[in-house]
């Protein structure tokens, strides 16, 4: 029908779909799933770094870290707002999250046992996220694309701060240098997994690319991330734990080893080191805050009533 | 230490310790908006603390704790991370665990009303650095007070449970308020030297503001302890409650594990 | 009547009143109040020291401290049992405690900011408690007296352990020695207040002594405690913060200054440094545990029912 | 370190860390009897930890962390208070916060069933010290298991809420169990040398006991992860969750502030 043609025309000319536009139900559903997953990742992602706010080793780092985790809350807020334009509510999505019915990025199921992890998350995890997200600034759904523009700007700021923390630590004591290397060893493979399974095992990619929701394949983004990160690691003075990592002049890219996809799927299925803990934390905050949200609603109703 | 340094430590430690307590809400707040607001307030107070601690060390370098030779730790961090509990000069009000959101709001409301009154007077300090810190702080703390006041009224008016919690929080905080308005010899010296404020001189104004908030919340103000004199030594003397030690242990753990580290 | 005579005869010959014996209502009431207050003190007293269990500086000290705080729970248990023989229940008394309608020893409203406080509480606070309690082993109410015998035995063990901790610290670093002196400075006057107000301000003493519930006056016990403590302090190498403290050869006792009775009454009235915190802690533990106690009751009922 | 020392650290750290978590119940338990029982269990495990850490240091003095010259700190305390998180060798199961009483009971039940099976075999260790520690521990842990098992059944049978909490606790603990039954190279070496036990060899027995407890509690046992192999490095390799660091910071704070102190 005409609606479908109109929709496909907008997609074809790389224009934005807006909330008032008609869209196929599957497109809407896929978008909600993807944006919600992204919003949940921001919110869950507050935890592994947030745990270090009270232990940041300098007041300057404490301020940087607190502001960063606060930005993540802000990102969650924009993204939940984007899903609301598709007819959902933040509360519904939060409930889906804490009941385990919607996912978030598996990277946040890895623990952060050292302060160097704050830097590594900034450098590698935010770095990988940016590779994933920059193309989404051109995504076909307007509110999502605009949220992504703002988010990407802040993320690259966070990435630079993370890198700068690691660089400072690498100029510090031998112990600090060892902390950085140990942290990078733990996060390198999980960061590579952030791009998702190999293209052959990623059945939704084709449809998402056709709809302009996704712009690049998992493997292409992963390669781009590796190519970007290796020189940065050299500049820092750290290595990645991959014996197969080397420059391939023929391909004009770095070759690298295969992530442990068994571990990936195991973490996705809920068996990572921190899955339970992350969800429990969120659930506790949500449950503990219920009385406040109820009070705010009740107060607003009374104010309206008094206003007559 | 010089009276100026000692006075800056008091105001700086108040901000540092409450900032720490508020930052513990991060990722734990009732909703995202509150999470963001509390982080903002914690950041503001952290900023005030950094300026005040640096001013203390500049006014009298002897307040800076000894660190291993070659340690790159700046003054603000030496003071925050390498003093022991009895060297902290904050009022005891700020060191308690935050408790629930009602307790957080009630404390923040009293603290902000008091600190705003102090900072408003401190903009005329004879010490230009303190005056500048105060001028910046006034705008920040006015926002904190508005935030706390708005939630104070909301929770008092909201549901039976939220009102019960607010009333409980007021009752809990009551005995900790007298300390805020008790002049310490260091504060008296600060007044005499024209760079500081006697907290007792803010009591009447704070009282009025608090009264207005209680009226807006249709709450009975408990028998007022604001003018009660403190018998025992206070946080200003380095006498703290059991809450400060564990808080500092956590806060200082990484910094102390790497006394010559660069961050 | 005959009952009253019988009761008074038992008291007169320093014999024990037992639960099955008739007793005046005022005697019963006074006993319940006194034993409950004592039981509450044991339970609240778990907090100031218990806070250090997770931070004890050696495994041996951790074991000693954990066992000591556990003993205090045990003392609470015996004493609540003694009140049960007078027709009350532990649950009722606990509720009276957390509603602020029954008191506990004011000493536990002082904070314990240093590990030396664990030693000082053992030495001075348990020491003062023993002075108060040894006479109670001969108290007229049987179950109370027997509980006190067991409690006093354990308390003197705790007192020796506390003294031994301080003695070890005084043989340690200069910092440790300073910690001990600082702690003793904070606890000396509150320990003296543990014997209650001066005899002239203690209106219930006479009746309690007549009933054999109390055996010595406040001031007599306080003097005994001072006389006992001064040589111990000298052996330790610490001083008490009292310029008026000196030996009086005429009286054959130490003279000492007047405690700050204004502070005493202020703390009793609830304005001490930790009153709220102590009650809140107990209330939280009681409230958080409600579902467990309910589950145990429900399970026991089901077991009985299944047994037919 | 020698295999014997490394093996003793594993068993010792399990006991030390769980003892710490249980000791946090002190003055917080649902009733006095439970408070006393949990303190007892914590004391038993602390006793086991002290013997095992001392044995580790005696077997290989190189496991003892360096301390300032003249430090009077005994071996057991050097190991408990002066190792960093990555040097701890406990399974990750024991380091989580205790959670509510249901979570405490479910963890203690699994842990005790497992440790009892280990210690029962360890009484025949070729190392006479380990054998003696095991013999003493068997009696203690049998009591712990009974206590946990009794409460497991009570809570499962009690009220709707207690049953819901027990089910939730089982679900939460599930992914942490596989590590208990995964043989580590140090354990393989301990078996080869005749002084230690392969935890995998206890799986069948533990399974049976746990089955009985689930049956008594009329609970469906979740799909069993006990035999699932661990992919990632474990607590035995010094890879820990986020819970261990803050726990150790607190535990070690006083000892580390006074590295040459006498206690």
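Which chain is which? They are A, B, C and D, in the order written, and residues in each are numbered from 1.
As a convention for this text, a contact is a pair of C-beta atoms (placed from the backbone, for glycine too) under 8 Å apart; a residue touches a chain by one contact, two chains touch by 3 or more.
Computed from a predicted model, the values in this text were never measured in an experiment.
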item: Contact-richer chain pair [C-D vs A-D]; value: C-D
item: Greatest separation from subunit C - chain, by CA centre; value: A
item: Centroid distance [mean C-alpha coordinates] between subunit B and subunit A, Å; value: 35
item: Approximate Å spacing (C-alpha centroids) for the pair subunit A, subunit C; value: 56
item: Subunit A: positions in contact with at least two other chains; value: 55
item: Where subunit B touches two or more other chains at once, by residue number; value: 246, 249-250, 253
item: Every chain pair in contact, whichever chains are involved; value: A-B, A-D, B-C, B-D, C-D
item: For the subunit D and subunit C complex, residues of the former touching the latter; value: 16, 20, 23-24, 26-36, 39-40, 42-43, 46-47, 49-50, 53, 73-74, 76-77, 80-81, 100-101, 153-155, 157-159, 161-162, 165, 250-251, 253-255, 258, 260-263
item: Interface residues, subunit C side, partner subunit D - complex; value: 43, 46-47, 50, 53-63, 66-67, 69-70, 73-74, 76-77, 80, 90, 115, 165, 168-169, 171-173, 175-176, 281, 284-285, 288-299, 302
item: Residues of subunit D that touch subunit A when the two form their complex; value: 85-86, 92, 96, 171-172, 175, 231-232, 239-242, 244-246, 249
item: Interfacial residue positions of subunit A with respect to subunit D in the complex; value: 48, 51, 55, 111-114, 182, 260, 262-263, 266, 270-271, 273-277, 280
item: Subunit B-touching residues of subunit D, taken from the complex the two chains share; value: 84, 246, 249-250, 253, 256-257
